[in-house]
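The two complexes that follow have chain A in common; it is paired with chain B in the first and with chain C in the second.
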Partner chain A sequence: MTVSANDLALALKTQALASARRLGGEGDALAALEATRFPERKTERWKYTSVQALADGHLNAVAAGDLRQPLPALSESVVTINNGELVTSSLPDGVTLHHNAPAVAGLETPFAVYNSAVARAVVLEVAANTRIEQPIHVQIQAASDAPAHCNPRVIVKLNNGAEATVIEHYHGEGQALTNAVTALITADNAHLTHYRLQGEAASTLHIGTLIIDQQGISQVDSYQLMTGNRLRRNDVHALVGKSGAELTMKGIFVVRDKSHVDNQLCVEHRVPDCQSDQNFKGLAGENGKAVFNGRIHIHEGAKGTNAELSNKNLLLNVGAEINTKPELEIYNDDVKCAHGTTVGQLDATQQFYLQSRGIPAAEAKRMLSLGFVNELLMALPHETVAEWARPWLEAELTHARPAGEGAA
Partner chain B sequence: MLEIRDLHATVADKPILKGLNLTVNPGEVHAIMGPNGSGKSTLANVLAGRDNYEITGGEALFEGKSLADMEPEERAQAGLFLAFQYPVEIPGVSNMEFLKAALESVRGAQGKEEWDSVTLLRQARAACKQVNLDASFLKRGVNEGFSGGEKKRNEIMQMLLMEPKLALLDETDSGLDIDALQVVAKGVNSLRSPERGIVLVTHYQRLLDYIVPDFVHVLSNGQIIKSGGKELALELEQKGYGWLTGEEESA
Partner chain C sequence: MSQAELDKLIRSNYEAGFTTTVDTETLPPGLSEDVIRFLSDKKGEPDWMLQWRLDSYRKWQEMPSPTWAHLHHPPIDFNEVSYYSKPKSLDDAPKSLDEVDPELLATYEKLGIPLHEQEMLAGVAVDVVFDSSSVFTTFKEKLAEAGVIFCSISEAIKNHPELVKKYLGSVVPQGDNFYAALNSAVFSDGSFVYIPKGVRCPMELSTYFRINEANTGQFERTLIIADEGSYVSYLEGCTAPQRDENQLHAAVVELVALPGAEIKYSTVQNWYPGDEEGKGGIYNFVTKRGVAHDNSKISWTQVETGSAITWKYPSVILRGDNSIGEFYSVALTRHMQQADTGTKMIHLGKNTKSTIISKGISAARSQNSYRGLVRISPRAENARNFTQCDSLLLGDQCGAHTFPYIESKNPTATIEHEATTSKVSDDQMFLCRQRGIDPEKAVSMIVNGFCKEVFKELPMEFAVEAGKLLEVSLEGAVG
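Let's turn to the complex of A and B:
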């Protein structure tokens, strides 16, 4: 069933509103949803991503399926959220889980607005001046045989001088749409290491927003690894909000077969003397399609900003597609801003060299693809994540996943 | 083991080899010399199966099989090895994982016993030592940031591990100082055996002081215009190539 984009936008809004009312949405959040518009044919920020898949009616039902292959725990500290509901948690001293959620700044997509109207947030709050040694593994899972969705919302809050590592890890099966909002809020002298691991089944959908809200002079290091699926939309909005704050984001995305990833990143510098550094690499094979839109917005008052963005991409064959675009909005002269984006192909000379040593062509391609992102894999600071990431990537690069199968 | 008959080949559609004949039997060491641009590297690349290097006439048989019908990796699996004149850098792929993949494939295809990772590491370290390459090079990206001489020694190190039936060395001597040259020569000489063929492509006769060839051929304008014993190399050293090619040349 294909419907026109504008009819679909209206239908999605009707569905979202009905669902929000059923799920008890009220007040300002519901009013915001009433005022929002879902992506239409000419909506600039959705130019590369069709939400046509949602014509199957994902927003009409909440996912309630059983997980066939739930995630293994990557740490002793685990929080499990299935189909949007908190199931279990096991947390060390110094970390409190509660539902008293602060308002989240910087949410933009209509899907995030919908999430705000219905989700019951899981807040993980790290006490002031506390260093949490063990990474906290937040498992966000969804399963549904029929089209359905869920609305997980996770807020990580580091108080003054807190230090922690959070592994935000998605898993999806069947036809589930995960409509996620995650916010990372850091106070002065906080240091957060964050992972966002997204290897859901190719048949699933994911529309997610990540907010990084550096309210204090803090350091956030975020590592984002993702696989394309039927529809993956990834909005990242970082607010580097207090002088002296530092942000690094590194990421790898892989689209194979007919899968899709649309990354919309925006790093916003509002105050003087902050640093941000982004390094993302993309790989696309078969008819995979990826988008990377990296915006750096430096406000007039943000003098002394140092912002960098790099996005290099590799097309594994003819037919794959990656669109990358840096977008700079700079409103003062006293900044350092470097950016570079490239889209290239496998180097024939390198490939021949490997083959001339007996390595079969497909294996040579896989090795070169892994080599392309190796510096980012090597940069992962936690062994547990690195041990997850390497086989994940090897599997992604070894075979195209037929849509409708597979696990995280 | 290598039988090249009236070979014609093009590089990017440009005719370079124009009727080349060469036979290499097991146990023999051949040197191919010739002026720059005469087609020496083209011959090596054609035999190894590089893209854009196309056989347009004649044939090249390796142990009776036509190389033209084989993928580059199949040629390596069959026992052909080319030490490149300009080894490419491959950042992000470590020398060790590269060797592991190469040896697994080649040893597997040749029915040799599989090396576990401990054996592989031991063998690789020994091969490094043989060519005076620090074992730390195994951890680095393939040829990444290696000096010219280190790249050449890395090629020989790989060759020692792969134990090819036929080794082609393309100007492995160029850019080496005398010590490195001796190291490389020792490595090659250690592979000399009655079952193995070796073809040395070189511009200078210097290498041949250390690896004494059984036959010397002069390649000019895509053909072998003269063949002889090791004394031919000395003659070339004295007279240059001009007396054979009929051209002035400076190198």
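Let's turn to the complex of A and C:
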């Protein structure tokens, strides 16, 4: 059933409010939800993404299904959150898990506001001046045969001088909607390596917000790998908040079949002398639709900022779609900012070269597609993640129908 | 460069800021169906034109004013604007220059617009529009020999109704957007150009717009039709007196490039930008769009230095196969100016190509935004786009922003977009200064170099004017 976007926006708000009251939401968080508006037809930030799939009523029920194929552990340190609830955790010394969550700045979407009203946060706090060798594998899983949702909320806090790696790993089955909020908060001299792996089943939905709040002179390196599903929306908001902080974000997104990915990134520089570097690559095949909106916002006092963004995309066949918008909003003259975006296809001469050496067309295209994103795969600092990511991505690319073949 | 030196550079005079005293017939402020009827009657328009205007007005009444642009201004009261002002001396259309009011001629002389044909250096035909009316069009006869129609749109409605009926609103429909709808309802005058099949227009065509009367709006409408295989280069210039209140300018320009035709449209926009404190200045809301049919080409070049607010997106719909769209822009903002400008390239045909080069310079407390859209439709095989938008910031209180929308639905299309933001580098300044170039000149040179890619696209006379305009605008701004 299709309902008008504006009717749906009203319905979603009613559902979210009812659900929030059922789940014990109260106080300011509930008031904030009452004041928010869900995406309407002309809401600019949702221009390319329809939430029509939610007309199935995901917000009316909380997911409670059993997982058929839970994620394998990629590390000895594992935290498992199923359907929004903490199940198990095994953490090394120096990392504590608690539920005393700090307020999270920079949450904007109505879905994140809803999450704030109902979620019970899992806080992973790394003690000051501690280096955690093993990556912490945070498994965030959801399953439901009928449309239903869950609200995981994870806050990673690195105190002064702490160093850690966190793998934020999503898994979904059936018709689950994961409405997630993740916040990474770093103090002075902290160094966080963060992975965000999103490979839920094609039938699932994911609406998530990632906040990177660099409160101290810290370094955050974030790697985001994702495939499309029925609806994937990622809002990433980075607040580079203390002079000397550095941020890098690298990512790959692959859409195929009828899957959808919408990445909305915003890096905000509020103070002088910070650096940020973003590099995202997208592949769209079959009837997939990818959206990338990368915004760099430099405030008036943020002199000496060095910010860059690159987004390169491959459109593999007719029917696929890429919408990209690299935005700059700059209020200071003493900055160096650049962005570049391309949308193109595989190089015909390279394909010819491979085919002339006896490699079948489909295989050649897969190889070249993989080559396109290889630069970023090679940059993954942890072997375990790279080993997991490569075959996963290769499988995705095998599915994606190569350019010119069997295209409608 | 120190802030004080910058401030000095940015503070310069608006040379076109004088007022002309002529006896005018001006409607009291306010907008209603009666005003439109009066306006249409005054121009002696046929009924179909009046109905078209009323239809547009009804559409406009139902539209909300757009708020998506990166602009801040108090809401505009459309009932405080006068929608018609005409020098009385133009009541009987002048047949030759001798009959034109000497005050008006003096105005244009002061602005450096040559109306005397014998004094023309390069042979540019000019149509001048003063407030709501076209004053005079030069070189009409010479153009008529080539079959070119170049006249005011009011004349075209009378003399060439079949062409106007066919093409008016065909590129920018009446209800396209808020300001286009307003313009469709109340447009006063503007230029009309028709280039017949296979004709290369023998000279540059030019329109010069001048707002003079206080509290008036200017709503001009330009329609250019280049028939199969023809070529025309068209220039447009604008100025207004220096006044404390804001004045409204909402224009619509429609270009139709039929198969194999080429239209080159250049604008130097120098409406009064307001003073340092943001007092006064023109609110400039313009819809410019062209449709390019098979093998045709439309090229927009603009130098935007004026207006308190600029809201302008000259666009090309690349409807035909192998059509080409180009957009070259320099936008300079200073004082408290705000510009939100860019382009749309809509690729519909096969092998369509578009190029976008945008240079934004912001100084003082101004805000300068590039907003663009490149859309590749599913059947636009082998479409190609290249976009470059660079921003130069002069001072630490100004802003430069980029909002480029890129939408691709065809796997054979190639799109490239790049953008940079920087300031005048100390190295460049040092190099110039140690060679004895004074700071003001140095910045002017660097800014000129920054804009060079766009200036070279302008017709020669305009390139010189544009270069001078930037110099004047930056005068005293640099150290």
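Here are a few things to note about the model shown:
One rule holds for everything that comes next: the second predicted complex is superposed on the first by the 399 of 408 C-alpha atoms of A that agree within 3 Å, B and C clash if a C-alpha of one lies under 4 Å from a C-alpha of the other, contacts with A are read in each partner's own complex, and residues count from 1 in each chain.
Convention: contacts are C-beta pairs under 8 Å (C-beta built on N, C-alpha and C of every residue); 3 or more make two chains touch, one makes a residue touch a chain.
The model shown is predicted, which means the values in this text are computed figures rather than measured ones.
Touch counts on chain A: comparing chain C and chain B, the chain ahead is C.
Contact with neither chain B nor chain C is seen for A:390 once the two complexes are overlaid on the shared chain.
Contact with chain B, but none with chain C, is seen for A:375 once the two complexes are overlaid on the shared chain. When the two structures are aligned on the shared chain, A:315 is found in touch with chain C, with no touch to chain B.
Of the two partner chains placed by the overlay, neither chain B nor chain C lies in contact with A:258. Of the two partner chains placed by superposition, A:45 touches none, neither chain B nor chain C. Remark: chain B residues 48-51, 71-73, 75-77, 82, 84, 87-88, 90-93, 97-98, 101-103, 105-106, 109, 141-142, 158, 162 touch chain A in the complex. Residues of chain A that touch chain B in their complex: 347-350, 352-361, 363-364, 367-368, 370-375. Taken together, the chain A residues at the contact with chain C in this complex read 44, 300, 303, 313, 315-345, 403-404, 407. By the touch criterion stated above, chain C contacts chain A in their complex at residues 68, 376, 378, 391, 393-423.
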